[in-house]
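Input: structures, listed below.
There are two complexes below, and they share chain A, which is joined by chain B in the first and by chain C in the second.
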Partner chain A sequence: MFVLYPLVKLGIDSFSTGDGLSNYAAVFESAAGRKALITTVIGSVIVAVLAVGIGGICSWYIRSTKSTFARIVLWLAVLTPFWMGTVTKNYAIVLLIAENGALNQLLDVVGLSGLDLLYTPTAVLLGMVYTMVPYAAVSIYGALLTIDDSLLSAARSMGASRARIIRTIVLPLAMPGIVASTALVFAISLGFYVTPVLLGGAQTPFMATFIQDRILTFFDYGVASAASVVLLVIAIVILGLVVALVGRERLVRAIA
Partner chain B sequence: MRLSPRTSDRITRIAGFVTVTLAAAFLLAPVLLTAVLSFSNDPYFGVPPDTWGFRQYETLFTDQIWRDALMLSLKIALPVGLLSAVIAVPAVFAIHRSRLPGRNVLHVGGLAGIIIPISAFAVAMYGVLADFGLLGTYAGLVLANTVLALPLMLVVTSAALSRIPVELELAAMVTGASRARAWFGITLRLLAPAMIGGFVLAVVTSFDEAVFINFIGGPGLTTLPKAILDSARLGVDPVIMAVATLLMVATSILMILALKFARSTDE
Partner chain C sequence: MTVSDEQIPAASVPTGEGRAGTNGRGAALELRGVSKHFGSTVALAEANLSVRPGEFLTLLGPSGSGKTTMLRLIVGFEAPTSGQILLRGSDISHMSPAERDIGMVFQQYALFPHMTVADNIAYGLKIRRWPAAERKHKVEEMLELIRLPGFGDRYPRQLSGGQQQRVALGRALAYDPALILMDEPLGALDRTLRLQMEEEIRRLHRKLNATVIYVTHDQQEALALSDRIAIMRDGRIVALGTPEELYYRPGNSFVASFFANANLLPVDGHERRSADTAWVHCAGQELEVPAVGGGGEPAVLSVRRRSLRLGPADGLRLDGTVEETLLFGDEREVAMSVDGIGRVVAVLDARDSGEVRVGEPITLYAPAADTLLVPEI
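This part shows the complex of A and B:
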């Protein structure tokens, strides 16, 4: 109830402040709103694919490697972003990609020209992927654990190559988990706030910063709530689709 | 051209290894970088630093701003942990042990807090708190953070409770324990480690919260994450590296503790 009441009220407010659909019109008709929406949705798709890709490969390695050392290092790597504070991890990425940051110093040493990544959409995506990899890895790892080892050794003994085992056994069996995890990462990515603020700067339009500007700079709660509802609806539609596709249990398991 | 299985195996293995190594480097680099740079003695940011030492830590501990922010964060996080425990425990019993109509709604609603876009949620909280005149107040922040931390508490305690057989409680009652005694003595006792784990998770979540505070906080309410964010927005202040390093160490310890407690119910 604590969670749902604010959301329902948000929906009602988005219509009742101002007249009817005017708040939604303001979101879709303003160039800033449209641009923010498009950047956010496309960005979240990219983040979901990359995070699930990286997280998936890492969790497969954790599942299949025989070296305890590799397993520990990988778990550590995968869980680190999760354990760093929200603000501190984004700040750490600033240190990495800033104009005089570590990455550019490194490039300088090997004789390459520096990159100007900070305050670009790429920087925001980098930060978001960094945050989301643990979510993807942990939830896909859960799906991979359910795959029976004997299937894999059977395939191997009959001469299937690694790539083929992964393509024909692991991927199809893990697919529901992968789909659930992609949807989850996508939905969470829509709402990112700290990353766009710190890594995106003023030029990179994301919904979270758009919404905050409406509320705190223009005191336009109506438009902000309409924009929030748009985000919510996108998230709910995607999550709903996934529930229809792979079942509610999968999604709940991906979260927990 | 068709590759022999062995060659293709080798290619897959090498490609996989390279990808995983790069991924691990990408995931670990920011932490290591922050931790190492926090021992820079320069008053400005630079890689590599010109001098090394504890200057950033000294500034951190002597500066009133950081101390106030830390105190406020603690003053919010601890009540949030307690409050979410007080709400979550009856809620998980309602979900698992009753036939209450709408218990599924309760479950989904609890989880929704984790997956819905946080900034949309923040606007919703803004609307609600504005109605009650709680915007920019300490009480409002505690309330909003509780809503955020509650799902974690729910997930942890609910997983633990589903593993405690209801028969234990019934057996106690059959052998003469009162209902209250059976409940407190058996079920709640078995649930306690998960509750502590959930409490720590809730406290950490609230302590780390940096989105709500920007929407519903106000002047005079600067939590630690907000202080870092404000400072980082203005530029790269080397003191933040010290804050970040200490926070990382503290969170890691707490999270490991929380996981230990949450898991100990398994056995």
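This part shows the complex of A and C:
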């Protein structure tokens, strides 16, 4: 009820407000709409790849370290962004990358010129990756846990190097989890709103910002809902592709 | 027990493989004062062991006795805290597993589930950069050897437990390692399958003349397979010998009870008569019995279950009350309680012991020559 009704209403509104399909045409025809869509999709792809890469490496270290202390520290490092509120999280990034923020002060100390990151697409990506790493790490960790230690021992006993073990045993066995995790991060990234607004400013039009502008500035509810439906369809198509690619059973096993 | 020196035909070793010594088959392994500490826990204390080329040596002991630690040190998953491990005469103590040339079989098979049987067997060959054609040939040869020809394209999950363990054996043997380690490889199989696999392992060992170190906690398995057995307890090797030696002349009370299931009877006094006989005072009787050990230390009288019989015999006489009887077909296990001694278990011929009733008195005899005075540890 709470999930389906708004979605159906959204779909209907996108066609019934104004004159139907023109809402969609408006999304694709307006320069701002096109740019926001491309930025959002490409940005989400980059975020998904980076977050899964970083989260995957972290979860592998957590999985394979023998030291309980290292495991706890790594988990805390990975999960802290998870427990922080959205605004807190983004404010933390602002503090890091602002003109006189921690990063620039550090660069100053080592004698490098400061970077002007705030209100750029890079800042948005940084904030989004920061938010998404825990999602990626947790879901990939689940996939890594299903890999029996004795498989790694067997490969080692036959003389496999660490790189070979990762390439021939860990990655193939974790692949359903990795693909599922990438799709999940991508789908969530499509809908980011606070981060693009706070860290990207006006220069970095993300779809969420575009939609909000349509509603609050132009009162164009039809185009806004059409844009939302476009995002939703992209997310569904990607998830559908992943299910087809990985197979439903393996996906359920990888996520569960 | 000696192992035949007969060599495997040279044709089974690919000529393209230039590694020195890979066609020598079973290599000698020696442990010199090898210890492993984890923090303040001593997992293995000063182990000395010399394994002959082609020998089948079993490490037998209860869990936590250090046998798996020893295996992990030999394969190179752990480095010893002190001491040296020598394979074919060279020190491998601190080499990585890749530098050691050892094959290992695990309890849970540890087959790679995403690879076919053929790819599993070829895994070690790929690491050793065998050319594709020779790899393929070797995989076929291994499939024949483990009696699974035509199974190369299957996945492990399509095989039964016994078949999976045979593939694991084939995978560990494929690259002709200097030494094969087996960590309770039959532990996950049911009894019938275990007996078949014992047969299979014996056959492979005979055929390949490989040096095998086998870990188990099952004394029947150790008896059935081994040239020699090292019995372990609390991180130490407490006995080393052929199955015969350990079964009939255990060096101490732990080996007698753990390996031969013998009864350990307390003695009220003992005195050496010669290097291998002693006077003992046991169950109110004075007897001359065979003895092992130095003679000065505390000792108990080891009486194997099958040494006890109903008919009168010269030697030890035990009077007690029957507590329990269990029929095993041709044999009947009888547990009795003896005043001043405690519980004694005997295995009697089933037909001779038909009159034995729980709660009634019983007298059993053991010929003195079938008992053994052993140091108590």
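Here, the second predicted complex is superposed on the first by the 246 of 256 C-alpha atoms of A that agree within 3 Å, B and C clash if a C-alpha of one lies under 4 Å from a C-alpha of the other, contacts with A are read in each partner's own complex, and residues count from 1 in each chain.
Heads up, the rule we're going with is that a residue touches a chain if its C-beta (ideal position, glycine included) is under 8 Å from a C-beta of that chain, and two chains touch if they have at least 3 such contacts.
As the structure is a prediction and not an experimental result, all values here were calculated from the model.
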Task: Which superposed partner A:Val170 touches (first chain B, second chain C, both, neither) - done: neither
- [ ] Return first, second, both or neither, reflecting whether A:Gly159 touches chain B, chain C, both chains, or no partner chain.
- [x] both
Task: chain B versus chain C as contact partner of A:Ala36, first or second or both or neither - done: neither
Open item on the list: Contacts for A:Met132 in the overlay, against chain B (first) and chain C (second): which applies, first, second, both or neither?
Closed with: neither
Open item on the list: According to the stated criteria, A:Ile93 is in contact with first (chain B), second (chain C), both, or neither; which is it?
Closed with: first
Open item on the list: I'd like to know which partner A:Ser150 touches here: chain B for first, chain C for second, both or neither.
Closed with: second
Open item on the list: Applying the document's definition of touching, compare chain B and chain C: which contacts more of chain A?
Closed with: B
Open item on the list: Which partner chains sit in contact with A:Val47 here, chain B, chain C, both or neither? Use first/second/both/neither.
Closed with: neither
- [ ] For chain A, give the residues common to its interface with chain B and its interface with chain C.
- [x] 159-161
Open item on the list: Which stretch or stretches of chain B touch chain A in the complex?
Closed with: 5, 8-9, 11-13, 16, 19-20, 23-24, 26-31, 33-34, 37, 45-48, 87, 105-106, 109-128, 130-131, 146-147, 150-151, 155, 159, 208-211, 214-215, 225, 228-229, 232-233, 236, 240-241, 243-244, 247-248, 251-252, 255
Task: Touching residues (chain side chain A, partner chain B) in the complex - done: 1-7, 9-10, 13, 54, 57-58, 61, 73-74, 76-78, 80-96, 98, 100-102, 105, 130, 133, 159-163, 166, 184, 187-188, 190-194, 197-198, 207-208, 211-212, 215-216, 221, 224-225, 227-229, 231-232, 235-236, 239, 252, 255-256
- [ ] Would you tell me which residues of chain A are touching chain C in their complex?
- [x] 148, 150-151, 153-161, 164, 168-169, 172-173
TODO: Using the touch rule from the top, collect the residues of chain C that touch chain A in their complex.
DONE: 75-77, 97-104, 106-108, 110-114, 123-124, 127-128, 168, 171-172, 175, 181
